[in-house]
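Below is the structure I would like to discuss, written out as structure tokens.
Residue numbering begins at 1 within each chain, and the chains themselves are lettered A, B, C and D in the order written.
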Amino acid sequence: MSEAYLELRRRTAERDRSLREKVMSLEEAAALVKDGDKVGIGGSTLSRTPMAMIWALIRAGKKRLSCSRSIMSSEGELLFGSGASEHVLTSWFSQGIVWGVSKVMRLYTESKRARFEEWSHMAVGMRFKAGAMGVPFLPMRSMMGSGVLARLPDARQIDCPFTGEKLVLVPALNPDVALIHVQRCDAFGNAQMDGLQFMDIDLAMAANRVILTTERIVSNDQIRRAPDQTKIPFMAVDAVVEVPFGCAPHECYGVYEPFFKHLDMYAELIRKDPAKGIAHYLDRYVYGPKSWTEYLSLIGVEEMLDAARRGRRIHDD
Amino acid sequence: MTTETMTRARQRDYTASELLAVMAGRLLEDGQVVFAGVGIPLLAATLAQRLHGPGLTILFEGGTIGAFVEPGQLPPSTNEQRCTRRANMVLSSTDVLLLLQRGYVDIGFMGGAQIDQYGNLNSSFIGDPENPTTRLPGTGGGNDISSLTQMIVAMKHEKRRFVEKVDFITSPGFIRGGTSRRDAGLPAGGMYRVVTDLTVMGFDEQTKRMKVLALHPGVSLEEVRDNTGFPLLAADRIETTEPPSERELQVLRHLDPDKLYIA
Amino acid sequence: MSEAYLELRRRTAERDRSLREKVMSLEEAAALVKDGDKVGIGGSTLSRTPMAMIWALIRAGKKRLSCSRSIMSSEGELLFGSGASEHVLTSWFSQGIVWGVSKVMRLYTESKRARFEEWSHMAVGMRFKAGAMGVPFLPMRSMMGSGVLARLPDARQIDCPFTGEKLVLVPALNPDVALIHVQRCDAFGNAQMDGLQFMDIDLAMAANRVILTTERIVSNDQIRRAPDQTKIPFMAVDAVVEVPFGCAPHECYGVYEPFFKHLDMYAELIRKDPAKGIAHYLDRYVYGPKSWTEYLSLIGVEEMLDAARRGRRIHDD
Amino acid sequence: MTTETMTRARQRDYTASELLAVMAGRLLEDGQVVFAGVGIPLLAATLAQRLHGPGLTILFEGGTIGAFVEPGQLPPSTNEQRCTRRANMVLSSTDVLLLLQRGYVDIGFMGGAQIDQYGNLNSSFIGDPENPTTRLPGTGGGNDISSLTQMIVAMKHEKRRFVEKVDFITSPGFIRGGTSRRDAGLPAGGMYRVVTDLTVMGFDEQTKRMKVLALHPGVSLEEVRDNTGFPLLAADRIETTEPPSERELQVLRHLDPDKLYIA
């Protein structure tokens, strides 16, 4: 009756949750992810996407990753296009409204080479939250009467035992691993996030393993001077990787905005021919460079400086 | 309205998108709490804030309360830092969606790819969902917003978008009309207005079918019906909207100088 | 079937949630609370207790307030002793472990002049959280097999529809009004809280009305420079009262620590004779002074300075 | 042990509370995540941190992760700012309790007013709960902690506290023994150790009844049984604990110079 709960606890209990340093390289962190893993991805659309870690997973040749995220953007297309993933669970999947409906998403889902499992945005959030809370489900009041709910065998409708009204119960989602990018954390993994947090805190607590990438590693002393700014505790974190511009070409709140020129170039590339376009992009920007730094060099210093200039002025007034 | 005045009115100096944004923005009232989607809704809500609603509170799905988006700095979705410009609060996306469920939001304000006579929206599949012609990006927060609050939908008026029955209900309107929305487990909210580049529509109180309330200058009921894939009801007295003013267009163009959303 | 939910929404819909100033006096804020109201109290034990507001409610002669709080301390005794409340819902109720079991709590509960409804600490949190989320209940995994659960007709045990395991469902708690004290907020009610937050955010969102007291009112511009520090949004707030030292003799994180001498004096007073002790304390410190400032003067500048000195050094290192 | 050595050992230069704090602190291991209650648990966990567990993570119910409480600045409950001293993270009290449910905590560490042979704790009512002789302060997080993780309980060894059946189960141990805890819906956690000023006890694997594992210096099994209100099991080989060292007492007294908890 309680096997699933005991298994969840076992997986947490066996992690080394002590106060210890866990700084490693992108490649070492990628080795923590196994083929077939359920991978929860932090951020949303173009924001705080753990792009460097996704890039490293694709380069490491991962297969059959089952990926979940509040809203998927181009990182989902790279996962499909590279063959690293054939299944995403999200509420919305396209590069972004300004670029029209993504051609790569359409190519893969319409040809059934990959599956796009659609839940409402709040439902994705409730599933991570249930996972974070250690309960098997949470109740909610949307999705009823829609085609979305009708296509989800994992959700259940009930009559509330207290009020008799109709409710939807969504099951906990506990990814095998969560990938989360933050502005700063210490070597133990105490993560402080500025600005929009999306579902990252619940995702981190729901996952059975957390890989943090960070713009910069700060001292534990700095963390302790503002402990109420810590959003993910060290004991939930299994790897820390310092990757400046780790979300490029997406944004990192307060540090850099999206690299719009690069994103326009990417959109144009896949618009003409999604299959060839994504293959070309992967060759040039993911498989080609020797390192994340070389990838950034390909995007170019001019775009980096421009994105950073825009990113840092968010609260200039 | 005579044919002559209609023709004159159509010789307009604004695009269909601009008309849509202005007309949609007018539907919002000062002091309301509005949950706005990206694109025209974000733009129209910001326009309303600048024109007649300084106390209009805009919520974005990414997790923003009370933002004042900066002219020329429109975000590419509701999840980027531009959405938090001069915001009163930034919170998790789950928590901002829960405000809808808790009842804090007056109006949900969205665009739509396909809508039917009961206000159901489809942004998931064109064609058979099991074998779609086009896989669309999906619900995002659309389903949550339309399930939990009063809705204003802003969209282009085209026959292929206004269909008798959507291929798929992504975001529920009144479902099959009558009490079917409530019976499905959605006692709150529902469609309030659909605004297009031709008309402003509401819904019949009993049948919950779409009904023309007002026409934009130079537009006839016939033209609206010609561009709609189902029989439209019409109010006993159909109003005519005021054309966009100089000031409205000026502020709108100032907000979106790159024509990101008003192309 | 959904009357309770529609009623909850109606009560929120009818509040003026626009961006408007709502600064008022303690007395004006007290007038927003009706006899018999369900009152949720922010903070916990000796921390960020909205003492000035409770003091104002007692002075205003409120009756039959049904009070809930994560953990109740001396403020609960003042509510009992003054006759303002005959019912508290909490997980723990005593002045604090160092002063032994509270004599006033014992006097009122053992004589059945007042009721102390005991839920586990997490259950109180889940009840506020369900209220904040707008769902009728939340599931949890504690309280089972205990006497605590056995005495709570409002909680239900179920077999999980997903896993078959036993779970407890606790019902949403939506107080008529929440009293919350913060370090700073603006005139609209955008509240920023430092340090320990307890259950205050969920409580604020669960309540049908929120009265904020604050150490100081800051400009809306200051709030907007760090919107991710706002913990309670203006639209959930109905009254803002500026009350420096508004938690005295309890603490306000980072501003002042508890007034230990005063609390020792209070403990001594009620230890000898709880009935007379609390009556004496109420006369002297609640009914006696003309204003909160005069109340603080009675406690004395020396204790104020000492508490503030201790309070401000929390992150000195 | 002869009567003579026993007498010598009892001529100790530490109080019962100090002995309890030292013995309790020794049960914690470096690297563990410990959810500590106020009083002796808080003190003993901080002592362990300073003596042998620099990587011991202490959680407090008020919402603190990884605190290092300052000597002489012990908090009056786990909800004051003193608990957050040099903490790694401060979070809501609901969220810190949820860490227990999610399985992040190795040990729950509490005091107790009354305990029975199955490790059930009572901190709610002395006498009939409907008509109590004494209304105690209640569970706080105790019920959640004991329901969701492995427990160490530290308390004074007195007959009135160690009773056959508690007047009220505030915080469940093994309930009625055997599989009754699991059957009640609590598959995880359970009583691990009860440490007193006389002894360290565990629980029988099958019956889940309390069992003496070790005696403190100069204490006999008979003395423990005399001070216990129910038949105690005893391990086949009962260990004798090392007396508190100079260093342990020195650090302990440095932590609590005002004898707030070690009076």
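Convention: contacts are C-beta pairs under 8 Å (C-beta built on N, C-alpha and C of every residue); 3 or more make two chains touch, one makes a residue touch a chain.
Predicted, not measured: the structure shown is a model, and the values here were computed from it.
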Shortest chain-hopping distance from chain B out to chain C: 1
Pair exhibiting more inter-chain C-beta contacts, A-B or A-D: A-B
Centre-of-Cα separation between chain B and chain A, whole angstrom: 29
Approximate Å spacing (C-alpha centroids) for the pair chain A, chain D: 41
Whole-Å gap between the CA centroids of chain B and chain D: 60
Averaged-CA centre spacing for the pair chain C and chain A, given as whole angstrom: 37
Set of chain D residues in contact with two or more other chains: 64, 84, 86, 90-91, 98, 101, 187
In chain A, residues with contacts to at least two other chains: 1-2, 5, 134-135, 140-141, 165-167, 195-197, 224, 228, 317
Contacting residues of chain C [partner chain D, same complex]: 43-47, 70-71, 73, 90-94, 96-98, 101-102, 105-106, 109-110, 116, 118, 120-123, 125-126, 128-129, 140-148, 151, 157, 165-168, 195-202, 251, 253-254, 257-258, 260, 311, 314, 317
Partner chain C, residues of chain B touching it in the complex: 30-33, 54-55, 57, 64-66, 84, 86-91, 98-99, 101-104, 106, 182, 187-188
Interfacial residue positions of chain A with respect to chain D in the complex: 1-2, 5-6, 8-9, 12-13, 16-20, 132-135, 188, 190, 205, 220, 223-224, 227-228, 230, 233-236
Chain A contact footprint on chain B (complex, rising order): 38-39, 61-64, 76-77, 79-86, 90-94, 97-98, 100-101, 124, 129, 132-144, 147-148, 168-172, 175, 180-181, 184-187, 260
Residue ranges of chain A touching chain C (in the complex, touch as defined): 1-2, 4-5, 134-141, 156, 158, 160-167, 169, 171, 194-197, 221, 224-226, 228, 315, 317
